[in-house]
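Once you've had a glance at the structure underneath, I'll fire off some questions.
As written, the chain order gives the labels A, B, C, D and E, with residue 1 at the start of each chain.
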């Protein structure tokens, strides 16, 4: 475990992008910041600017209009970057499957590193997914 | 006489046989009027009956055209419906009477292609920027083309 | 300034945080939590009601060898794609033989979403 | 001074959902605003026409996650009108309990978000910490913290057993006590008052004209609550007060929501005390009768409107949803436009926007943000898709 | 200067109490700030990075250094590259003025009081240009706010320091430190100055209630929205060092700097200890202020500065005059 990958795995800065979700997953992500869950324990901070972020949490099926912005935001993220699909509808468009204005999930637009399933995701599961991802990052060379 | 019947009676007094269809449910009154008295009826309800609150406007494609239905009122809800032709659907805008109608009319304009005359701002509202002109997702014909039931296998 | 009392009090209060990965036992998990579903193939009669009621196409009916499960009348049984499941519990609700149960398993993550299948 | 546009959103930390507000500025003063809601439009109304009534329920609950209890309730009440069946009174009471509980969760959430909007992070943390008690109760009653799936066509999904009811009552005591504290803070903290009084002003006339709903309308002094005007679940049997306040600004919206919390607590107590005996669910057939139905429910953000037209088939012919946020957009525009002596500062935008408690999920979404170009290489979509299918992006 | 002296001076500048010491101190202060803030909010804050998350700021720093550094096309290349360096250099230089291990800073000359205040202004100006150079709308708004805010707090800040200097009858930091050997000093009129200084420092550091230049909910990340990777790391480090500097300055001006009871032979170590403890106290006050308030609006910041801070600073000034 090199110094750099150690630092990366200990300092995940998060940006959150909602691509047409129902809000439930968004508020659960927000709940992760609050005292009961407190993901700052892992060094995670919610960042407003995508340029500062390492991990992009995407909620929601990708709607037609959001698609291009999602791509743009993804391109603006500095490497190394990870995308986490939070919730069923980000994973596979879930309950919105078949609607005329949505794509079937985030991975049909940008590459996704990890999927966190749930509708909405329980905050513990977000933490679980995040710490799993961080462990993986830390283990990579 | 119940409240619903009372309102219906007054409407009939004011507009006579312009009200050519009506239906009553608990706390709900549905009346059908021809397109040219649509805004008059709403004006009457807003100005004389004080039903300032517009719930929303529903647009439905029915067999012989497109139906526009304005739902008014806070407790008792009066729905004023009217049918317009499918080819060049046009309806009078009620924004001057109820400014809050703006967004509802824009939505119907986009999703069903109804043109509201004298609407202040009939711009794109809900559909994405790259949505093709002249395709109206809530039309029945759209369903057959784009929205076939999706039962593909798991990828 | 009106929160100063609360601030000072919380300095001496026990932290509200549940250190989740370590203190997993303290996670609030009530009975009837709707988590990842479980499927008991020996109870299933293959009626496909669950398939009809699922809102998000998470259930697919596949052919089944009848001789293995005598209860299964139709020779078809459901498989579940958790990647699409919205955890609504409609299938559990409608299943006449309780062959589906939503467990309290909430930790459902994957690096590849094809791993998210219940067969 | 020339104006320049600042698009806020859709990727903006203050907006829980992508909505584009295009602001026209003169210096720090907002002189105009335009919306673009297409970011969130998913085509749910069309999708509902392809789902059976039973499949539609989980979808409707996911129009908007925070007031999903209201959406689900409105949907089931609406569809039940198409059957000629009596719904057991116990179910109605239980529905009321869960609806009010989710209103508490929503208002507390909003209080936190509003504090967050004005940079009061500590208050955000505290309200959300105390909200967890309510979330735990929702989880225990319905099986999920947020999306309830509680109200079903024909009744409710589960009963509330007596031991859970006791726990719920205890939680209500905590909520009441904490709410008292937050109301005290909100009313006495100078920085909050400074940021909210006189901000986001909406006169009663404007509120009526723009057809605002819910706490926004009530904070402008208009007494309007669908629970009182057109009672649906057990609201005709459970007494409550309609809260109004007359300063018409963001501060008034805080007060109204905070006072409503006390009403919710009392309603839950009364409902649990008078819970009628009997079944909590009747099974209804998959196919309702032909006809039409219209239902309104007071969601936490205001009046929610559902209309359905049935031809007697398995699936609805048309299902119309009008969500409270869409109804409040006109009011928001009125709040955000400087006129005469009323000046809107750019710093007031998030809190004004937040004060309608926006949920654009069902409104389609408006607008987008102009972030700068990144590096010049781009992966093609196919490349990306390929990569993501492989699933392994980690080195 | 003899060779030995030369080596000692260099070590002083580079290692202790110079760059290296300040670097680690600044990381430690950030950790303290975050942890204490979390504690006030009933959370735990960073926990898994090192002992109680002590290495968290270091991990952040290394990670940012190792990240891709994006230079958007439309920015002013020169300013975009230079401003992070300038900001960092200025803040490091500033800390050399602080009396840490003795009653004198590494650099000390007559008038260093004025220079220390001047540097704060310079930092502000470089940051302003850092925002402008990106031509991003949010960044420009952030930069403008920064400037407006500076106009507000600069004068009360200076006035509160003038009161102190007047009392010590000197513009030398070490004299100011020595003049505070009377312990009751902090309870005098300088208490007022301390309050003014704390709020001004909060504004200088862009922390709630004065975090308008980077208010996340309004203008995303404000002036630093376009910076990423190394440049962002530099800005963050500069911010942290500035935090040390301001806390240290407050301790120097109002709490007697590194002074305290000493034991023969251990003076530098004890002095350093006193300095750290005193400035941590200041930091704790700053953190409580951060947790206690909501963000003000820009016009309210101005009126707060002019209506409350300035009269307070003036009052303190007059008091000092009267006592003298």
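Structure notes:
Here is the rule we use: a contact is a pair of C-beta atoms (placed from the backbone, for glycine too) under 8 Å apart; a residue touches a chain by one contact, two chains touch by 3 or more.
Please read these numbers as outputs of a predicted model, since none were measured by experiment.
Chains touching both chain B and chain C: A, D. The minimum number of touch steps linking chain A to chain B comes to 1.
Each chain's centre was taken as the mean of its CA atoms, and the one lying most distant from chain B is E. Seen from the Cα centre of chain C, the chain whose own Cα centre is farthest off is E. By the count of C-beta pairs in contact, the leading chain pair is A-D. Work out the mean CA point of chain A and of chain C, and you get 21 Å between them. The distance from the centre of chain D to the centre of chain E, with each centre set as the mean of the Cα atoms, comes to 43 Å.
Centre-to-centre separation between chain A and chain E, using Cα means, comes to 34 Å. As a whole-number value, the distance joining the C-alpha centres of chain B and chain E reads 62 Å.
Shared contact sites, meaning residues of chain B that touch two or more other chains, fall at 127-129, 137, 142, 147, 149-150. For chain E, residues that reach two or more other chains under the stated contact definition are 40-44, 47, 70, 216, 220, 226, 291-293.
Residue positions of chain D touching 2 or more other chains: 12-13, 38, 41, 43, 46-47, 50, 58-59, 62, 122-123, 125-126, 129, 132, 144, 147, 189, 365, 372-375, 394.
Interface of chain A with chain C (complex): residues 35-38, 41, 88-89, 91-95, 97-98, 107, 113-119, 122, 124-125, 127-129, 131-132, 136. Touching chain D in their complex are the following residues of chain B: 25, 27-28, 30, 52-56, 58, 60-61, 69, 71, 74-77, 79, 98-104, 107, 111, 124-129, 137-138, 142-143, 147, 149. Residue ranges of chain D in contact with chain E, taken from their complex: 4, 6, 12-14, 28, 115-123, 125-126, 129, 189, 191-192, 194-195, 345-350, 370, 372-376. Remark: chain D residues 51-52, 54-59, 61-62, 122-123, 126, 129, 132, 136, 139-140, 143-144, 147, 149, 152, 157-158, 181, 184-185, 188-190, 391-392, 394 touch chain C in the complex. Within the complex, the chain D residues that touch chain A are 10-13, 16-18, 38-44, 46-47, 50, 58-59, 62-66, 68, 109, 112-113, 124-126, 128-129, 132, 135, 144-147, 359, 361, 365, 368-369, 371-375, 378, 381, 384-385, 387-389, 393-395.
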